[in-house]
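Remarks on the structure that follows.
Letters A, B, C, D, E and F mark the chains as written, and numbering starts fresh at 1 in each.
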Amino acid sequence: MRILVLNVNTTASMTHAIGESARQVASPGTEIIELTPDFGADSCEGNFESYLAAIAVMDKVVNYPEPFDAVIQAGYGEHGREGLQELLDVPVVDITEAAASTAQFLGHKYSVVTTLDRAVPLIEDRLKLAGLTDRLASVRASGLGVLELESDPERAVEAIVEQSRKAVEDDKAEVICLGCGGMAELEEKVAAATGVPIVDGVRAAVTIAESLVRLGLSTSKVRTYANPRPKQVTGWPITRQSARAGNQK
Amino acid sequence: MRILVLNVNTTASMTHAIGESARQVASPGTEIIELTPDFGADSCEGNFESYLAAIAVMDKVVNYPEPFDAVIQAGYGEHGREGLQELLDVPVVDITEAAASTAQFLGHKYSVVTTLDRAVPLIEDRLKLAGLTDRLASVRASGLGVLELESDPERAVEAIVEQSRKAVEDDKAEVICLGCGGMAELEEKVAAATGVPIVDGVRAAVTIAESLVRLGLSTSKVRTYANPRPKQVTGWPITRQSARAGNQK
Amino acid sequence: MRILVLNVNTTASMTHAIGESARQVASPGTEIIELTPDFGADSCEGNFESYLAAIAVMDKVVNYPEPFDAVIQAGYGEHGREGLQELLDVPVVDITEAAASTAQFLGHKYSVVTTLDRAVPLIEDRLKLAGLTDRLASVRASGLGVLELESDPERAVEAIVEQSRKAVEDDKAEVICLGCGGMAELEEKVAAATGVPIVDGVRAAVTIAESLVRLGLSTSKVRTYANPRPKQVTGWPITRQSARAGNQK
Amino acid sequence: MRILVLNVNTTASMTHAIGESARQVASPGTEIIELTPDFGADSCEGNFESYLAAIAVMDKVVNYPEPFDAVIQAGYGEHGREGLQELLDVPVVDITEAAASTAQFLGHKYSVVTTLDRAVPLIEDRLKLAGLTDRLASVRASGLGVLELESDPERAVEAIVEQSRKAVEDDKAEVICLGCGGMAELEEKVAAATGVPIVDGVRAAVTIAESLVRLGLSTSKVRTYANPRPKQVTGWPITRQSARAGNQK
Amino acid sequence: MRILVLNVNTTASMTHAIGESARQVASPGTEIIELTPDFGADSCEGNFESYLAAIAVMDKVVNYPEPFDAVIQAGYGEHGREGLQELLDVPVVDITEAAASTAQFLGHKYSVVTTLDRAVPLIEDRLKLAGLTDRLASVRASGLGVLELESDPERAVEAIVEQSRKAVEDDKAEVICLGCGGMAELEEKVAAATGVPIVDGVRAAVTIAESLVRLGLSTSKVRTYANPRPKQVTGWPITRQSARAGNQK
Amino acid sequence: MRILVLNVNTTASMTHAIGESARQVASPGTEIIELTPDFGADSCEGNFESYLAAIAVMDKVVNYPEPFDAVIQAGYGEHGREGLQELLDVPVVDITEAAASTAQFLGHKYSVVTTLDRAVPLIEDRLKLAGLTDRLASVRASGLGVLELESDPERAVEAIVEQSRKAVEDDKAEVICLGCGGMAELEEKVAAATGVPIVDGVRAAVTIAESLVRLGLSTSKVRTYANPRPKQVTGWPITRQSARAGNQK
């Protein structure tokens, strides 16, 4: 089984980290292909960047030359999953939804803890559309961005741990979904500080994608996610067009 | 990995069918142990029978002599999952929730189709507590009970197929969860009649239980599902007590 | 009119206190029969114990040899009311619901204050199923268990009073439902500290049970709470079976 | 105990019928005083008339010269209950809420059946504010007004019965609240046609008002329903003013 | 275009301030007619006063002798808008709803900040009926009444500013609706302290009323807001009756 | 005042029709600039096309060389409004939200009637995120696409009229938002067939955009819609890049 794991931003090192994380829980026969979009922001931290990422991810997937069995969109609180579902016949799993869905099997209420405050409404909205907010205790942010995470990791981790503790103590979360990745020590520290299960979206998504394939199930095509109707679409895919432009030179 | 699959009623042939179904999707290294409760109704079709089953299932599990890695409660819309979560340290998966959770990855809205009309409120309530009703299009019943299913299977299947079709056409469901089991042809016929993915709760639960174990995750113990506090519990387990009574004779 | 008041745990002194409380508001012609289940936990503080209590309560009621006009299940946030409704033709009143329903006639929002933190989700879930959460300001717990209530009553009362005050001041509750009983001074102190009406579940339930009987109304039998279908139920009732086992010796 | 039962319209024959109905379930020691407002519509069938009735009811109550223990506002889906709660220190019970609250003890879902279609949104809104819509299956109207009820009672009753049957069969209601009164045979016929419990708002309200008084409970005065702040109110009460105007002639 | 702007209380200086505020945003061709009700409280701070105001406002409008194109009810969290809609064929705009509706175009969540704590539930209820609570972060009150606003304006403004800041920082509001008027400096100070858009209900309502008129749209008359059915209404309008009584002298 | 009105698809004739419609309600001093995106589908009928349109619309707007005061995104149930809000400092109005927000001032419940069935979930989701579903009676589709609308306009109009009538009669809508444009006769026929107010999204949006500008209000920048953080964004804007590629040739 081959699963494409799509980073939503253009930072290749993040893509690599996501791929490694995915492989840690993949079944023996599963091949994880991590992909970086060809355009967009080096980190997605808002609606504009997320919408651009949505198109960049779809662009990357439709240009992928080999067959595959499932797609994981590896961005927290990002747009675009519905578009992929229309374009593809294989299952598509969003990591925000995968994490929440998994958390609900583990505790009465769950929280999401992320970095930037401005990501909170995006995550809330994605969970609202996914129908996964009834048992959502809170979405909390540390207030520190990705840059701080790199320049002063210790302080950044402490801020995340602090919000996780508040989620458990004040908001009564019994499970924490980490809405920010790339740090092995983070998961450990949050678990130690709170005593609750910690769900990583990418890893949860891998098991769900594998499960859907194993069950022989894929996206329903009767209505919302039917393949696009045949029509004139100008300038799509974005990168093939650029490539052609380049070739023509 | 060993997974206990608990039938909620005392009909051994159903237990066997559930076990077979589970094994069809279990990973190579997974051992499925199907278990029948020692007391309760031969078919669960209401709250009283479901409450009794909840206790009978817990009773069966705590008396199980070997180690195991996860538990699946294989009843649709039944009570008891929270109790198992308190008593055990391994993951517990309810098939009603497993099916709904899986369906939500496949379509915009889903429906549950079951046999008896009186089971509908139980399924609705279980999904409400699980926070899985936002995208629930409907819970529909064929109005025919388990007896009719056996005495006149063709008519029963037609009734289920008819409700599934209405769920898709009238209620706009894009995925159907079958809230009644034991019939291989049923799934096929509903799929053929509606063109939408059909989710079987037991099989979905097997992949979720395996996923949780593989991810190293289990029930949060900080609050709702903490192990019972040490105290005097009279007459528990039920069957060990009976056994002792028997032994004393 | 004869009303059965069922304690959910096996501590006879609590049963007695509940019965006394009920008699204080019962009408002249009403006979209150308080009953203790024959098995289960000496105090119900979680899902497992509550499920066991549900069955023990049903077991006690179906074994009750005399006619009666209504049943009150006197446990806060407990399972089982729906099962009793199926088994009986007389009205069944749960005290969690009785208190909330009464509180809604007295103020814009109400809170429930209980002892143990782990009881909070059970109470929330019961109120959610009962459709009584729209005007629920909060469910708060003092964090002290029943044992502390006995060993250091003054401190326990202060903790309850403190949470009640927070419910009124922070959560904007205008009525308090006390989700823990047996202490006459508690009600008085909470009322004095908050200035809001205090609703006791048992007493509210007595007036509701009497009202339903007086109105000639009982549980609807057309669907959810229809009597169980005729079928084979093994090992039920639990205690009659034990009794038989005993008799056979 | 003395309970004032306020008709919301100015038709004295309806007031009498309401009083008679109330007395049928009142306890021996309870005195029912039925009152007709001094101004307003002869039948309340919309927001304007309902707002006018709200003021007319408050006007009638504040002018009532004797002490009383509780007030019932006997109009279905009408405005005003909150104003009475502010003006009075005794419990106030609205029959729309009394009926719904009672119905919820009797079945999983309930419906309200009324006469005019335009009353439906008023009833829905009142139940929404009261937090009693989670288990509301539907509010249905026969489409026939009060005049038809009088001119062609048989046809009117049939229309109500028909909607009640649809509420049970199509909307899955298990209890019916009749949102229109004054016809003894109506209740009987709806019960016969549907087989479900029928709740009359006035009678339910009498038992609730009596219960609150017996429990020593009344409206919380800490916030929403505190007595009006001392201030200049011109032209209030309405009728005392008119009376003075009359006296001055 | 002529728009009637109705103050809900009998304090003429407030009416004047409201009219001035409205004129600041009215289009060149729009005439703003501000009106003070002939009876009721000098300031509306609760349900009784609000119900009385509802009738006084309707009374004032139906007695207005000239044609007009739209009506604005200028009270925050007040009753009555539905009654006006029934009585009139021109659009009716409530300022609570106008402010919230406008705020939703400006930020992800909004809060309302008002003076008295007891006004909070009225505002919440009005927004709930209007279906505008999904993105409501909070309704907050300074706890200071209108009198304090006049006697110690500086302290009153600071209290409002403080609650607005909490709404933005703690409740995550991105827009503030000011539920109290008459102070130019208030809006400025709240904007300066919070950095978010501030919506004034009266001014928002003027633009909405003008928009509806320009679009040729008015209240739907098919059901809820149909004109009252022809019937006997005693004592209506209130003031014309008094006038007649006066004339008869 | 200059308002940009963005068509979401690449069909210039539709852009023209939208512009004309907007101008019909624009104030004298308002200049309407209608724009067609440079890439994307000739008609938007699903998530993929809508996501592509979201980027194409943002691309078009950021490339627009003149100053402007507000932006209207003229697509029904489309993605992207949040991205525009981040990129711009002037108000952004989505026509789906504008129509619903306007409809709520006109009736108790409203429906949206559109062409294609697959657009229904997109519209529902957009209204859910906008917090405008509490009073949404239904979203209905005629089942006929844009092509049929052109090839057999009479039949298409009849289908829309039929669904509108059902929305009013069966779903109890009191206002209809037309989620499909470009046909003058459509509005007239629906109004004639149903007797309820018909809201056109583009025209409603023009009045709202003008109102916000007149009130001096724009998107809150404190959190969700803050301008994007400074960072590396590859390949943006899309068309300027293409243009450069073209220029280099």
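Quick notes
The working rule: a residue touches a chain if its C-beta (ideal position, glycine included) is under 8 Å from a C-beta of that chain, and two chains touch if they have at least 3 such contacts.
Labels paired with UniProt names: A, B, C, D, E, F = Hydantoin racemase.
Values in this document were obtained by computation on a predicted structure and should not be read as measured data.
Chain centres were defined as the mean of their Cα atoms; on that basis the chain farthest from chain D turns out to be A.
Residue numbering at the chain E/chain F interface overlaps substantially, since over half of the positions present are found in both copies. Averaging Cα coordinates per chain places chain B and chain F 45 Å apart. Chain A and chain B, compared by their mean Cα positions, are separated by 30 Å. With centres set at the average Cα position, the gap from chain C to chain F is 53 Å.
Shared interface positions of chain F, i.e. residues touching 2 or more other chains, are given as 108, 120-121, 172, 223-225.
By the touch criterion stated above, chain A contacts chain B in their complex at residues 25, 27, 91, 93, 97, 101-102, 104-108, 130-135, 168, 172, 174-175, 194-197, 199, 203-204, 207-208, 210-212, 214-215, 217-225. Interface residues of chain B facing chain C in the complex, by the touch rule stated above, are 10, 38-43, 45-52, 54-56, 58, 79-80, 82-83, 85-87, 117-118, 120-122, 125, 128-129, 145, 223-226, 228-229, 231-236, 238, 241-242, 245-246, 248-249.
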